[in-house]
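One structure is given here, and the rest of the page talks about it.
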Amino acid sequence: MTELKKFWPKEGPARVPYWVYSDPEVYQRELERIFAGPTWNYVGLEVEVPRPGDFKRTHIGEESVVLVRGKKGDLYVHLNRCTHRGLEVCRESFGNKATIQCPYHQWTYDLCGNLVGVPFRKGVLGQGGMPADFDTKNHGLTSLKVHARGGVIFASFDKNAVPFANYLGETMLKLFDRVFDGRKLTVLGYSRQLIPSNWKLMFENIKDPYHASLLHVFLVTFGLFRADQKSEIRMDSMGRHGALISRKGEQKAGEGTADMASFKADFKLKDPRLLDPVKEFPDANTVVMQTIFPNLIVQQQSNTLATRQIVPRGPNHFELVWTFFGYENDSPEMTQRRLRQANLMGPAGLVSVDDGEALCMTQDGVRAARSGAAVLELGGRDCDGADHMVTESCIRGFYKYYAEIMGFGEEA
Amino acid sequence: MTELKKFWPKEGPARVPYWVYSDPEVYQRELERIFAGPTWNYVGLEVEVPRPGDFKRTHIGEESVVLVRGKKGDLYVHLNRCTHRGLEVCRESFGNKATIQCPYHQWTYDLCGNLVGVPFRKGVLGQGGMPADFDTKNHGLTSLKVHARGGVIFASFDKNAVPFANYLGETMLKLFDRVFDGRKLTVLGYSRQLIPSNWKLMFENIKDPYHASLLHVFLVTFGLFRADQKSEIRMDSMGRHGALISRKGEQKAGEGTADMASFKADFKLKDPRLLDPVKEFPDANTVVMQTIFPNLIVQQQSNTLATRQIVPRGPNHFELVWTFFGYENDSPEMTQRRLRQANLMGPAGLVSVDDGEALCMTQDGVRAARSGAAVLELGGRDCDGADHMVTESCIRGFYKYYAEIMGFGEEA
Amino acid sequence: MTELKKFWPKEGPARVPYWVYSDPEVYQRELERIFAGPTWNYVGLEVEVPRPGDFKRTHIGEESVVLVRGKKGDLYVHLNRCTHRGLEVCRESFGNKATIQCPYHQWTYDLCGNLVGVPFRKGVLGQGGMPADFDTKNHGLTSLKVHARGGVIFASFDKNAVPFANYLGETMLKLFDRVFDGRKLTVLGYSRQLIPSNWKLMFENIKDPYHASLLHVFLVTFGLFRADQKSEIRMDSMGRHGALISRKGEQKAGEGTADMASFKADFKLKDPRLLDPVKEFPDANTVVMQTIFPNLIVQQQSNTLATRQIVPRGPNHFELVWTFFGYENDSPEMTQRRLRQANLMGPAGLVSVDDGEALCMTQDGVRAARSGAAVLELGGRDCDGADHMVTESCIRGFYKYYAEIMGFGEEA
Amino acid sequence: MKLSSLSDRDLRLEIESLLTDYAYVLDEGEIEKWPAFFTEQGLYKIVSRENFEKKLPLALWLSESRAMCEDRVTALRQASVYSPRVLRHLVTNVKILSHDGERVRAQSNFAILQTLLDGETHLFISGKYLDTIVSEGGKLVFEEKICVYDTLRIPNSVVWPV
Amino acid sequence: MKLSSLSDRDLRLEIESLLTDYAYVLDEGEIEKWPAFFTEQGLYKIVSRENFEKKLPLALWLSESRAMCEDRVTALRQASVYSPRVLRHLVTNVKILSHDGERVRAQSNFAILQTLLDGETHLFISGKYLDTIVSEGGKLVFEEKICVYDTLRIPNSVVWPV
Amino acid sequence: MKLSSLSDRDLRLEIESLLTDYAYVLDEGEIEKWPAFFTEQGLYKIVSRENFEKKLPLALWLSESRAMCEDRVTALRQASVYSPRVLRHLVTNVKILSHDGERVRAQSNFAILQTLLDGETHLFISGKYLDTIVSEGGKLVFEEKICVYDTLRIPNSVVWPV
């Protein structure tokens, strides 16, 4: 570990020094302390690996891992690295295998990660082979701690990670269970994009209700998310997880729209099927966007549901993997509705395109900065939840926790 | 600032250690001490932003900046970075705006850079908003020091930069004023290229009369620039700016052409309109190539006039932006002549192509060098001007100043 | 030289810490201590530069060099860098020149590398020129130490490099002379590929008989190289050079094939001309793959002969240059046989494709590793030769020497 | 134009022209003309090769009607925030998959080059068009256009139609 | 189809179709259909521009018969280890070099785009096809197909035929 | 060939052949044949999309006559210093913009791939050709050829004609 001489501005979480977005050493520490640290990382949905032997290749931080369904239906997440000479064993996104075999020298692991086959271990024609004291027990795949809840699977590199429920905390857990309520999920499809910005800007974006009322003409115009609607900001006690909750209003001017240049009263859809939401959750909320530290966003925007997984790719890029899903008992009409509303989200989404661009512009803005910091003062300087969305507290909470886990002292 | 343990060879400016061309830490220091230091950087021409609200996006070092014409015709150069969360605000090369608005949360700045609009500043429906002590005065765009002369605009990050006229010095100022003599300019067009070499090699090239008589068959053959012609090398007192001045001769062999393998006596143009120069400046000089530290070349080669702006892009690349111009009162024939002669210059220019290639070959030559230095001994080892072009003094002057501003001590 | 705080695992050469494959500082030290160190580097074949003035541009480490045939038939290897201002002088892969002239200012070197021409050295019209004490003797091209044996040319940056024969050692020399036995060679063609892995993985691969019986279905199936065949592993006394030697068997199941999942008994060629080897060397060996530290593989696989030159390109890539050759007195049938068998080798080779992929997968597997090491225990933990191929000793030998020359201490 | 009266070769030439006209409006930024390339109930989808091969129904973008295409255009013009970009379509390898008198199924390869603010041109995405084409009012239009893209890791956003 | 009965223009159109069909089986992964594009004694070579210009005989891959192509297919399916990849051929600029009643020599440009596991699409290799085409059993096939590639530094391996 | 006697489709096919022949001489390095593609007073310009859209007159290269093209060739052969390079033109999406009996205006897309000394092939520049074509002595030639390139940040130099 390099010694990082970085100090947080004395204003605390109301400032984010620009070096967090592009410094390569900061990024290395993030990989170590955050993604390989005492966190729970999203790896997939149970329904993606329904049968024994099913596997999915994915990433935590920059490490390639394999999510595997064991023989008895149990779940494993292994580091995707042969213990012999380091080859990335699994090279398909999805599949089914009885065992995991490395192509190079065909060392073979069972689904639990135990090394069960070493060719020529006893030699050939009495010659060579592994030493007598070679013990396959010491050479199994590195396996991570795994936890599944409501059909969603998380893994941790840290064997001492706190239990997942404690990690989320009560408030966040309730919101998580709202979508993942035990019904079986159906994957509708994937989208993958490489966004040219630091991964944390994605989290900021989803924790940021401020921009939604201003940047997203589409959301504002059709009342899908707007500052003058009933809404809430919620966080866990440490500030790392968060949620933006909102209720759809009408497409009409309200108080506050004066400030919203984005409101276009005369924009009407020619094919209104695009916006034909139906209520499907017990509460009246129409949008709940939840961020689960460090790599997951759970999106419920009207009837479009998705997990968004964040995979950092150096300080200046991250990959965003969208898994759109529904419930097994969805009617065909409901499925079609979800698919249609998906037009708002993803790499070509009417709303998400704005965010991808904003993130790219931010990275372009801060990359060359030799000093300076973002200013987070909307709604005060605290890190508390709120019953409105005119605050950046949720982002402040995130950076408060971030500075802690990263071990950044304060500027003198 | 990292501590750079780099020492200049004891031969002084007669040597240029190869690490100046590719070391990433040297490059970072250049961005800090040179481009963001007490220097005047070219940003554009007045005629590019003629009316109030006109803007141009460009770069100083790696920083994106916006040149803006204010309401009263005054000029501003702002750092192109929203003071809220760092977004690169302006994303068009040119345009006209009444105010500068960031798309992310629509913070709005007036043309002078003052923050004049913060949506939801007072909250919405009585909730949220900025803290009472939030003062927009503290959150205006960062503005640079600006100076315009003869229709050319320069900016400095350093509020204490010496006045532009002093910065140039008398000799250089006179040459500058020769081209920018107060007549209104017309932009004929832009060319932009990414040259795979360190930015300083571009300066060396233009301060180097040695190569012109040897590399450029075209110049030599048609007598446009040749070692045996009447010529001068001029510099400011510090050596950072320079000029190569020459008078066209005939296409015939002279003394000195013996050394010029490039001279092709039998090369005749089939369409002679390409070389149909007319005298247009009071003096007899037909070529004046002026380098203004750290990012500008002013080119007068016969009747083709251009500014060439240098934008470094890492140690191994730089962008070269050519702005070809004429004078407002040029006749159509003169404009056409300038356009035709532009065939010699730019990314596809009959002469400039040689330079682009030479720069690329030099970078390829020095990139892998673990030691060694360029040798600059033509014309002696001094850094003085001369009445001929058989000298590398102008490059030596440049590196003498460079070693100083970069703070490189001498080798023990 | 940066101070590298890297320590080798205490298990010694039975472990290879993953940082050797991707750490940029380790890579820099390799360029310095290995490629520019007391090693002999392959640069080409005599037959590639048969006549005086013939040259070939190639690379040692990342340095560009030119192999030149002098006027008297002598051989030179010069650093491809003009001593004036560093330009890469020679920009063609092959050619013939009377002198070496730099295009920038036309400094001219004779084939031995002496500076013989400096334009305007005496000035022009009595002005400028080089200082009186400028001595061309001090500005010749940097020339490397050269040694040719059996038509193969090697060069060393280190003037004190031990004689080539000593460098190879008796055992290796004999194997080298087996192929390069004095007959004149004919180049059949080149293949060049950029493999996305660390260069050392290429050496591991060729020193690794373990994988050949498992990864290469083609080799195994047709009995071209298989663990149950008569074979040997040989090394020089330091472990840096090595050879895998094997004798073709039948395409039938043997003891040991039980472990070889790759064996496909029913795979028959429809056009058997692809595998129509004839014996051409005095001994009974059908495969000899020799690795000569640090940049050469000599391949004799049945009748396909090639040198494979390794050019590192950063820690994560290397270029592999294949020169397929035969002997001048080959019959047309023999030439055609070599060309046909070349289908097994090279960037599209039925066998080599597997290796390219395995290397890429290994780099992908180890790149993100923050700790860990490859395990090399097949055949024990020693670094000795063997009369079978069920051992990784040849790789262990390589890393034993590598740790030494790189100066890595052992972990506490 | 009557599809039934065209030979296979003529059909290919006509479809090449259609695809050229289609790409032209996108490259030239005349996006308002884009919806007219579809039938009123035309289906337009941009689908990843991954979803396509797994038969997962999600599209990157889905238009179930010409009107939905028009809504996309309006949104692009009035509601979306994005930096300037220039596209360049290379459409090649046009192949008739099947046809009867009514409709033709054709496949072609596309590569879209994109130039962003920095002025560098990059390969943006590639893939194949799977088109069902009919003749309406004397001109060819898409009854269905499925753009199956290879580029699973999309470079940022797909702002314009493919 | 009789070559001798075709005009130059029709010939070009037919060869374009042939090249499209050829690229189609490679892009779609239907490699088993690939050998049928050659005559029984058909010559197929992938050659670097360097070897081609120096007249060095080495090929990256050499098939001296359709059977050798079939062996390559079998090896690819059963004997080779490689990560998944998706190819996209752009074949353009088809030019008839010469023809008599029997055979046509044609040249065309190709660029192959490749998408590997990470989902990014890269320009893999480019070059020209130098084809000698004959008509057999009513369809055009390659008597000789020389793929001269520009990309001297090949990005890793050429797994599939070009 | 008489332009007036050609149908739209035939015209497109002829222009495709012309563009293929044009790219062929550049890809093959037969640059001496390049000027003959222009009329004696032919106008050839390489223009950035930026200048083109702003109606700024500057060209990267301007030939006002076939003779000026010939001068460029002579300069390239005798007067310019540059490293070896290989070009590969992909010319696609040919579209007739307008035509009368005398001249045709056509647009097409181009992408030029470049392979330099290191052997890697890169997308060099892309853009569109805006051509005015006439028939002279039985063959089609350019009365005007405007190459509008998208790639504002050119990778080093444009040595060869586009």
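To keep things simple, chains are lettered A, B, C, D, E and F as they appear, and every chain counts its residues starting from 1.
Following the convention adopted for this analysis, contacts are C-beta pairs under 8 Å (C-beta built on N, C-alpha and C of every residue); 3 or more make two chains touch, one makes a residue touch a chain.
In this text the structure is predicted, and so the values were computed from the model without any measurement.
Touch-path distance (fewest steps) from subunit B to subunit E is 2. Identification of common neighbours of subunit D and subunit F yields B, E. Centroid distances from subunit F, each centroid being the mean of CA atoms, peak for A.
We define each chain's centre as the mean of its Cα atoms; on that basis subunit A and subunit D are separated by 31 Å.
With centres taken as mean Cα positions, subunit C sits 45 Å from subunit B. Among the residues of subunit D, those in touch with two or more other chains are 13, 81, 83, 90, 92, 111, 119-120, 123, 152-153, 155. Contact with two or more other chains is made by residues 91, 93, 103, 192, 194, 215, 354, 357-358, 361 of subunit B.
Shown are all chain pairs that touch, namely A-B, A-C, A-D, A-E, B-C, B-D, B-F, C-E, C-F, D-E, D-F, E-F. Only residues 46, 48, 50-51, 54, 56-62, 64-65, 67-68, 70-72, 74-75, 78-83, 152-159 of subunit D touch subunit A when the two sit together in their complex.
Contact residues on subunit C toward subunit E in their complex (touch as defined above): 93, 187-196, 215-218, 221, 262, 264, 267, 269-271, 273-274, 319, 324, 335, 339-340, 342-343, 346-348, 350, 352-354, 356-358, 360-361. On the subunit B side of its complex with subunit C, the touching residues are 16, 18, 21, 204, 210-211, 213-215, 227-228, 255-256, 259-262, 354, 357-358, 361-362, 364-370, 372, 374-381, 386-391. Of all residues in subunit B, those touching subunit A in their complex are 31-32, 36, 61-64, 80-89, 91, 103-106, 119-120, 123-125, 127-131, 134, 139.
Note for the complex: subunit A touches subunit E at residues 91-93, 103, 192, 194.
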